[in-house]
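Structures for review follow.
Heads up, the next two complexes both have chain A, just with different partners, chain B and then chain C.
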Partner chain A sequence: MSSNAVASNVAGGSIKALAGLALAASISSAFAGPVTDAMILNDQNTPNDVLTVGMGTTGQRFSSSTQINSDTVVDLVPAWSFSFGGEKQRGQETQALVHDGKIFITGSYSRLWALDQKTGSKLWSYEHRLPEGIVPCCDVVNRGAALYDNLVIFGTLDAKLVALNADTGKVVWTETIDDFKGGYSYTAAPLIVKGKLITGVSGGEFGVVGRIEARDAKTGKMVWSRPTVEGHMGYLNGKENGISGKTNATWPGDLWKTGGAATWLGCTYGADTNLIYCGTGNPAPWNAFTRPGDNLYSTSTVAINADNGKIEWSYQGTPNDHWDFDGVNEFIAFDLKKDGKTVKAGAKADRNGFFYVLNRENGKLLAASPFVTKQTWASGVDLKTGRPVESNNRPGDPQKAEKGSSVFAAPSFLGGKNWMPMAYSGQTGLFYVPANEWGMDIWNEPITYKKGAAYLGAGFTIKPLYDDYIGALRAVDPATGKIVWEYKNPAPLWGGVMTTAGNLVFTGTPEGFLKAFDAKTGKELWKFQTGSGVVGQPTTWEQDGEQYVGVASGWGGAVPLWGGEVAKKVKDISQGGSFWVFKLHKSGKATVAQQ
Partner chain B sequence: MSTLPLIVMLCLVAASASAAELPADPLNSPAWSTIAGRYFKGQTVAFDARVKVTAPSSAEDPLDVPVQISAEGLPDVQEMLVVADLNPIQKILSYEPLRAAPSLAFRFKVEQSTPIRVAARTRDGVWHLGGVWLSAAGGGCTTPSYGSADPVWQTRLNEVRGRLWPADDHTGQRLRLRVIHPMDTGLANGIPAFYIDRIVLSDAKGVTLARLNTFEPVSENPVLSFDLRGSGAVQVSGGDIQGNTFSAEISP
Partner chain C sequence: MKAIQALIAGLALLASTIAPATRADDDVDGLDRVRKKGTIEFVVYRDFPPYSDDRSGSFTGVDIDMGTALAAALDLKASFRTFIPGDDLDDDLRNQLWRGTIVGGSVGDVMLHVGADPQYVARQDKVSIFGVYYREAIAVSFDPKRFGSYSTLDDLEGHKVGVELGSLADQYLTNYHGGAIAKSVHRFPTLDEAAKAYCQGKLDSAIAPKGELQGLMHDNGCPDRYAAPQPLVLQGIYHGAWELGIAVKKDSPKLRDALAMAMARLIESGELKAIYARHGMDYNAPGLR
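Presenting the complex of A and B:
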């Protein structure tokens, strides 16, 4: 109304200028200032910023930017690189966030840096003082931060959450998730849903109890918590909010009290369903003979009401898991177009080797197909019951013996796909899945729980299935379950995947390359050697008319620690710790001519 | 000779003239002009015998040097600043006595032989300075704190112990505090800075008695003594740079 009044009082020539000013103001306000819920929900559609790990709350990791595309990507060159410094290197599994002229990136050993978006210069850093007694199972990684209001929030290896002022790096609030001496730690990126900070727990190898918690993102105050092991009480605003499931329905005796199901990879969110989708880890201990039953809600996707913290539905991939097939993998909402209909669906490439497509409103199984070449433990999934058709591949019961009989099983416990997130392109209709081809010898051992100690009851050793490759980036058509193309990599793939409207798919390799592929054909179009293995999550943003791609480099993660024979194959990869940023090459001559 | 070097020379003369306005340092510290420029720029400073630092002449343990500061006899002290000229991190603490006496005892880490100075700012804005030389074998700031070897802080971080007793002259009471904290300087390789940066004392009614900001050089598991006026229980609250907080009540 007020702008109309102004327009009527000025000459026609000025109206244009006013409109121009208003447009400029609205553009800058779209990516500056405090981060709001609306901005987070719209993250996937705003190429000037990256406000969420997953590039949007659904976690599709799809960018609408097209300047870097399958034609121009050959000219992609480094713009700058930032070293994480110090002696603390190891795995860098993080994704950068971009907002208000700053890049926020986390690193190994619970560190976080704010960088100048244009130059890569360090603005401030936060290094968490870690106690000596931390027990992260699978390397000292961190998978990214969350932005909300004027805060950057991330979790630490001693199971704390730290909220920092985005401008100064000063601590605004800190909260303890749980006692690190009990085996708890935190490595995932938190998720923001309606002003709440959504987090899980790590520590599934130590008999912790998995749960999802929602805190007020501005203050850290707890709003609700929802355990992911049946029998435990949930809370809402400090009051009891019903136990998860029914005590002892799928767990015998007291084992649920240390039942695992760690929610160590965080969650995605579907605004249209108001559901938070969280994957859960293996039940504890690994030796399944100790815990007959389905052991809900382990190895599942759990859909939780964002407002009241209640479980609306769950789907379990590996009932009574015996192979450490954590079901933590990200559940990505997408619109499934099949037989002329559009279904509100979600997909998950599970550690157990199945690519599941579920109805995201009610959890009903729509399809399940293998995305790896070999699955010894199950021959398929019964679409009526939603349960796997098992093929008698469980290791023997040790009873009182020192060691039960061993079996060879595939995938290995490091999974057909592990933590590294896949991507979905609405443009090609394909999921891009970073898979690995390996199996394991696995056997059981007797076990009793001891606080803070590894709680496995199993022994294992990993073996590659093929001589020439372990990693395979696969394009999966969710409508048919067919693999449309694949790229084979000698070392196991351990980094996140991103896809763009420029018909590109990006991912990193332990050999040190960031690579770009044609999204339709899988043809390798570009690669760059970053100096250390890439196990980070690539992302992209636009600034001043140029598109940038950024990825963390630094070899580590679970493979060198748990990889058996594979660990030997990758032991000569150099460690590192840096963040690389790329853009299209522009010759100096061209820049001068433009001016 | 062109005119340009002449201008440069003039600037140099001007700079040394303004530096000459600083009173000569009775401690003859090589870092005096740096310290003065950093903490007292554009302000009036005066060396004053009423401002005292008591410390051993030689540091037996460079990680834990006991120091007592006092500006008794100086009216209206608003703030007391303690610096060690030749430490890699000079600023040790700043203290607002408010309703307490302008005196404090603490322990700190010393890197090499250095002057320890206390500057007391009175209501008129003048900084009154006193200090002593401390000789030290060194290494206190770049050595990992005991905390990295002694895991006690990992279970007892920010645990407060304290004791109150009446002053000898019956004008108030003395409070001694000990807080469990590694007080890492960030200079030891691989250990990030991690230290208590604020402690506030208040009485039972919530009236603030004194406010203290501590920095990296304060010793691990800080031991602090305050001279308070009045009597009764004292509320202690504080926190470190990573958002961990503590509070305790110390009763006589």
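Presenting the complex of A and C:
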């Protein structure tokens, strides 16, 4: 409409023709214009765009596109590639968003680019100016942006939110999540729910208190905040909105004031329940002997009412965590078909090695099964109480031990699964879980210092469980907990998974490959060497009758920082920073004949 | 005093027995670098009274005075940089001395206030920790008016004890006898805030590293009747006492030796003791091993 208005006001055929072209372009792109809540909720069903990290607010990472499928995938070839440039060649954990002829992709060190969807050429870029000396705990990654209205919104390593004009890249608003000097950071992709921007907080440093916040996505103004540690006050529209939980119910003394439970991986949303599902990190301090109790809502999934910011239910995977089993992993809503019934369920593959299936309306535990081969810390989960059956695998009490007693625990603190999101296919009914097989020696370390003073730290050494592989992509049947197939990878898996209606599962490897597997059998059907380790999240979209697959390549993240023996195994992987786009090969002759 | 002399002798011996290091041609010892600049940059913890604090606009504190004196001994000017601490000293050494932070990435020449347990020193392959100058120990101070008697930590039950959040004192007291006095522990984001509350009479006791607590009690005008901090003996695997030293990147043995000699002279001449005294603190000579 605006194109017509311009044309009628300006004399001259050439301009009219130009306006006509613009109009045609906007029609051909079916979902052009501002991104609305309705579009976001329908994202999973619209193959022409990708509006959300997770390919839909539930985070299923499922695409209905079938052009690229288990028969045709052998013909998948690169369409174009974009280099992020600069010297910051590390840690590309992002997922692309596709809308209105543009691809939006974030990079490590808080950078964001808009690319032409057809050509891959750069339209604009935004490089956040990071303060010198910031010490984000867990590398320099960014896990993607959110689209709303005419804005692209992402978070930065110095704990800020930045909203950019999607057409120009100009800053529309910025908000500070918290003080980076206090250890706060931000790496997750924000989530849009009903016009609100939902974010958590990142930070490994002592004193960080987890919380979920909802801001007006158009202005950045705070709507509600909900702390994820019991005893802290929540707020709604600037007014007190009740404390989380009950003070001192599961924390002694005033330890709840700084209880950890950082929400560093963000949230998913179930429109049918109007609940925002967020995972929470480990409690602080690290040593569990100093904080007897369950320490809610650490290492939990917390379900928050999207409108009023109140916790409706929570489920805790690792009460009184002593192994650094962050419970931040994504909770993915799906319909569980079992015994002829359909249950509104959700699933989470936890760092602690259990694959949990919960009723997503009330948080009741339906099933819990291991998705890794070894769990030393618990023998199972009691379905009646929902609690783990612990197997006496905690490091010793530092007051009693003469020497720090070391225990071997599996999974390691990097988790049976870390940040990298799994995928769910309603077609196969399977979850595709990127798992890792490693354990750790863990002990109380008395010879370490903080600000020039001795303190009791944690010592960890990560050890692979097997000689021939660490990573394992596993297809898990949520109805039975059985592993239907697995693909073993030498290096740890650290990238996201995607599945499609074309009977495919995609994921990347640190060895540099993007790989495609048969969704039913796990047979490896295709791979492409991207030049650096793939720790990004693949996605797919359709354009002009062709299906595309895109993934960021660029080794990094926590493995090289924390991996111990494992880090040695991956030290020769080249770093990088680029975005690869693939489509099915068309013969050059056929293309000429068409023209 | 005897101990200090022995220490200095030990340091001199160490310096004399160091073999000339073999290095690539493009490697420059930190000493040559600072001589060329005319300035030596000390890395100090931010917002950290009584040691290093620039919130008033200029640097003050024991570590500042010590750095200034060390620089003067090397005939150099001292400059200081503060930083955001990482989770532990490993992070700080990496970010501030040998690798640099992920943004900016520059490093300083010398780090002060570095924990120097021999096992910790031996673990380092990127930095040298040396010039051990001070012995710190977890200590308790209390207001005698609030206690009928004070002999053991059990007497803290029912009283308010201020500690820095996440500090060794916090860990130890919370864990003490299965949490017997955990409810007495009042945690503050910094020891400075705990000391303020203590000196204002809002707490009955405070537990922290002795020197730090003594300096902060002095800075915050604690009543004279408060007991001077007395070291505690900790049970279990906790290390309740430790030495402090300084650190440089391992590729700079000349700088290390020059600073070691300068530090030895500061200790021998009593200048270091005078610096501590200026900030209301006793000088606790390091133990020998």
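The rule is simple: the second predicted complex is superposed on the first by the 547 of 595 C-alpha atoms of A that agree within 3 Å, B and C clash if a C-alpha of one lies under 4 Å from a C-alpha of the other, contacts with A are read in each partner's own complex, and residues count from 1 in each chain.
Heads up, the rule we're going with is that a residue touches a chain if its C-beta (ideal position, glycine included) is under 8 Å from a C-beta of that chain, and two chains touch if they have at least 3 such contacts.
In this text, all values refer to a predicted model and were calculated from it rather than measured experimentally.
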Touched partner set for A:174, first chain B, second chain C, both or neither: first
Which superposed partner A:501 touches (first chain B, second chain C, both, neither): neither
Touched partner set for A:479, first chain B, second chain C, both or neither: neither
Touching partner for A:162 - first (chain B), second (chain C), both, neither: first
Chain B versus chain C as contact partner of A:140, first or second or both or neither: second
Partner chain(s) touched by A:87 [first = chain B, second = chain C, both, neither]: first
Touching partner for A:132 - first (chain B), second (chain C), both, neither: both
If touched residues of chain A are counted for chain B and for chain C, the larger one: C
Touching partner for A:271 - first (chain B), second (chain C), both, neither: neither
Overlap of chain C and chain B interfaces on chain A (superposed complexes): 131-133
Residues of chain C defined as touching chain A within the complex: 45-46, 48, 51, 83-91, 95, 101-104, 106, 113-115, 117, 119-120, 136, 165-168, 170-172, 174-177, 179, 182-183, 185-187, 189, 209, 212, 235-242, 244
Residue numbers on chain A that touch chain B, as the complex places them: 86-88, 111, 127-129, 131-133, 162-163, 170-174
Residues of chain B that touch chain A when the two form their complex: 148, 151, 153-154, 182, 184, 186, 189-194, 241-244
Residues on chain A engaged by chain C in the complex (per definition of touch): 109, 130-137, 139-140, 157, 180-181, 183, 204-207, 252-255, 257-258, 284-285, 287, 289-292, 397-404, 444, 446-457
